[in-house]
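Lettered A, B, C and D in written order, each chain numbered from 1.
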Amino acid sequence: MSDTLSRLRGELIAAGQFFHSKGWVPATSSNFSARLGAEDMLITSSGQHKGRLDDNGFLRADLQGVSLETGKRPSAETGLHTVMYRRDPAIGCVLHTHSVNATVLSMRLEEVVLAGYEVQKAFPGVETHESRLMIPIFPNSQDIPALAAEVNAYLDAHPQTVAYLIRGHGLYTWGTTVADTLRHIEALEFLFECVYRQLLLDR
Amino acid sequence: MSDTLSRLRGELIAAGQFFHSKGWVPATSSNFSARLGAEDMLITSSGQHKGRLDDNGFLRADLQGVSLETGKRPSAETGLHTVMYRRDPAIGCVLHTHSVNATVLSMRLEEVVLAGYEVQKAFPGVETHESRLMIPIFPNSQDIPALAAEVNAYLDAHPQTVAYLIRGHGLYTWGTTVADTLRHIEALEFLFECVYRQLLLDR
Amino acid sequence: MSDTLSRLRGELIAAGQFFHSKGWVPATSSNFSARLGAEDMLITSSGQHKGRLDDNGFLRADLQGVSLETGKRPSAETGLHTVMYRRDPAIGCVLHTHSVNATVLSMRLEEVVLAGYEVQKAFPGVETHESRLMIPIFPNSQDIPALAAEVNAYLDAHPQTVAYLIRGHGLYTWGTTVADTLRHIEALEFLFECVYRQLLLDR
Amino acid sequence: MSDTLSRLRGELIAAGQFFHSKGWVPATSSNFSARLGAEDMLITSSGQHKGRLDDNGFLRADLQGVSLETGKRPSAETGLHTVMYRRDPAIGCVLHTHSVNATVLSMRLEEVVLAGYEVQKAFPGVETHESRLMIPIFPNSQDIPALAAEVNAYLDAHPQTVAYLIRGHGLYTWGTTVADTLRHIEALEFLFECVYRQLLLDR
């Protein structure tokens, strides 16, 4: 087993424990992956609790989502990870989490518009709070290939996108490293709580 | 003492610590049980703080709720546990927790209707977010045998039910194992917080 | 140093750490005491952070609030502790905490009325959720002897009272032991969060 | 390396861990400093996660904000720290945090007015809850020298100020020691949550 695989697995286990402490990975929701090389990735296997992952909670898969380990099945949503790695060789990590705010906002809004928040600078290429960040929301579907194709087409048309929500289902975001992607999750969850509180005060 | 009893007790102690960290077992509220065999169960004894349980916080009781250990009294709500084990030999664990959301929603609603949430798939037999889950709410009562009979009749009529609330009093859910039932609690508490936030935004 | 003093001090230190983890003792607010004997008590000294107490954060004082240790000054609110110990020899602990909900509710309401909550059974003498619990709210004052006299007169007239709030200033409750009083705090903070959420939903 | 530097660094690392546990330093937001002497300070370096700081996350800089360590760049907002140390030789610590409440309130209000809260006594010179504390809110800007000059002019005109907010960007406060400044943060975050809940109830 390579050092890289072992290191990435440790980073994803720690990420899961942090998310669990925040309530962002309830029950067996959510899934995490990290790129291993040009053609393969490490991804959480199906049905794991993401706050209590151990070394056995992962498998290697190729970028078509085919398991490279006999007897282990990747997460049902693997296609939403592989679509990102195939789009962009610079992407090294994809994290899907499932917070209350991501869920509720995705059921109330058509998209999440972020403007005027200093924390927007946590995203690559954003230099000022005066920028405007759009987080699209896709309808939920159990047809993952169709959903992945829809995401892919949207990202072709909107290449600056840093994350998206699936309605009633949570957040997907990505980055060059696990640490990068964690920073995106922290910034987005912070912003979602701000947006929720703003919505309440607006009513 | 059997290995099974020791393992189940450890799992229930850990469950209580997790619930306490979330504020779901305030004061000496809540009670937990796990099936030991065809005719007996392990249940928390009366008056314990469920976040600081130790080995002495439990007793063996039969499925009529009679203590099998001299000098130890089972929880006052034992009848709500035994009714589940008698109904269904596949049930291996019953957990009653007492969160703010379970309490407040049970005092505002006639029933909790869950629809459109991906997390609903945490429950057995639910394959899609398009399903519709109904959590009934029973009036609170200090007459536990009467309440148990009411629950039993409701479950006969609605066998797909995964959990219920007692008004002002919290949540009961069950599963084949402690881990299973924990997953239900996590999913339900997540959903209750979503429902609470939706209610606030709806006003 | 007596074993009792050492044990009580340890219990109050642990209570402070728990309260701090919940955000109920911000900055140097709050103060804790426990009865040592018929004529003396242990109380937190002035200006301590109650979440990071050590053995030096306490002093012995008599039930008129006079320090029994040279060079150590008891909390400015000592008179609200001694009035309780003088009233009732069965009282073994008085805890004052300072949560957001205790603060906000005390500034919005004339009194907190609790009815229909199962958790009310955490209080001595309460056997059913059908009881009705009244938590009075006193105007804040920097004149502690006057405030203590007002509390004393109220408790004479309403001996079933289990706790009170001071407006903008937090909660006082008491019990026979530290564990007892901790149970009251947990139950009350749970109920205050319920009341806050009910108020929001009522608007 | 001096004992003072080592001690202060340890205090700021611990402060960051505490803030992170509360969600007040999301992503790589926030920055912390402490005075080392008449002419220099310790400050977090650019781009660090403030909840996971280690010894390498800091650098020495002079009070014009010039790094005294080759290859290390101070935080982009260094000028908001140095302006305070230059104003007042008694200031020993400046902390900038970035909570949801500080962010949301700064985007909804012209200033935060605090009155009637006992916790106001956590600030130097405040002896009673009857005082009135004003926390000004400055428009956000990426031009830090201009923002620092604006803060400086405000503080000249309002020397009793204990903290300020930058719109959409968080809180700045200061004190004679790290412990002092931590107490201010805890008190202010407590008060911001109170103000947010009051605003919601007012609507």
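Some points to look at:
In the analysis below, a contact is a pair of C-beta atoms (placed from the backbone, for glycine too) under 8 Å apart; a residue touches a chain by one contact, two chains touch by 3 or more.
Since the model is a prediction, treat every value here as computed from it, not as a measurement.
Using the contact threshold fixed earlier, the set of chains in contact with both subunit B and subunit C is empty.
Summarising the inter-chain layout, the chain whose CA centre lies farthest from the centre of subunit D is B.
Counting every residue number used by either copy at the subunit C-subunit D contact, under half are found in both chains.
Centroid to centroid, with C-alpha atoms defining each point, subunit A and subunit C lie 45 Å apart. Here the CA centre of subunit A is 32 Å from the CA centre of subunit B. Counting partners per residue, subunit B has 200, 203 as the residues that reach two or more other chains. Inter-chain contacts occur between A-B, A-D, B-C, C-D.
The touching residues of subunit A, when paired with subunit D in their complex, are 22, 116-119, 122, 127-129, 183-184, 186-187, 189-190, 193-194, 197-198, 200-201, 203. Residue ranges on subunit B touching subunit C, taken from their complex, read 23, 26-29, 49, 98, 100-101, 103-104, 107-108, 140, 142, 166-170, 196, 199-200, 203.
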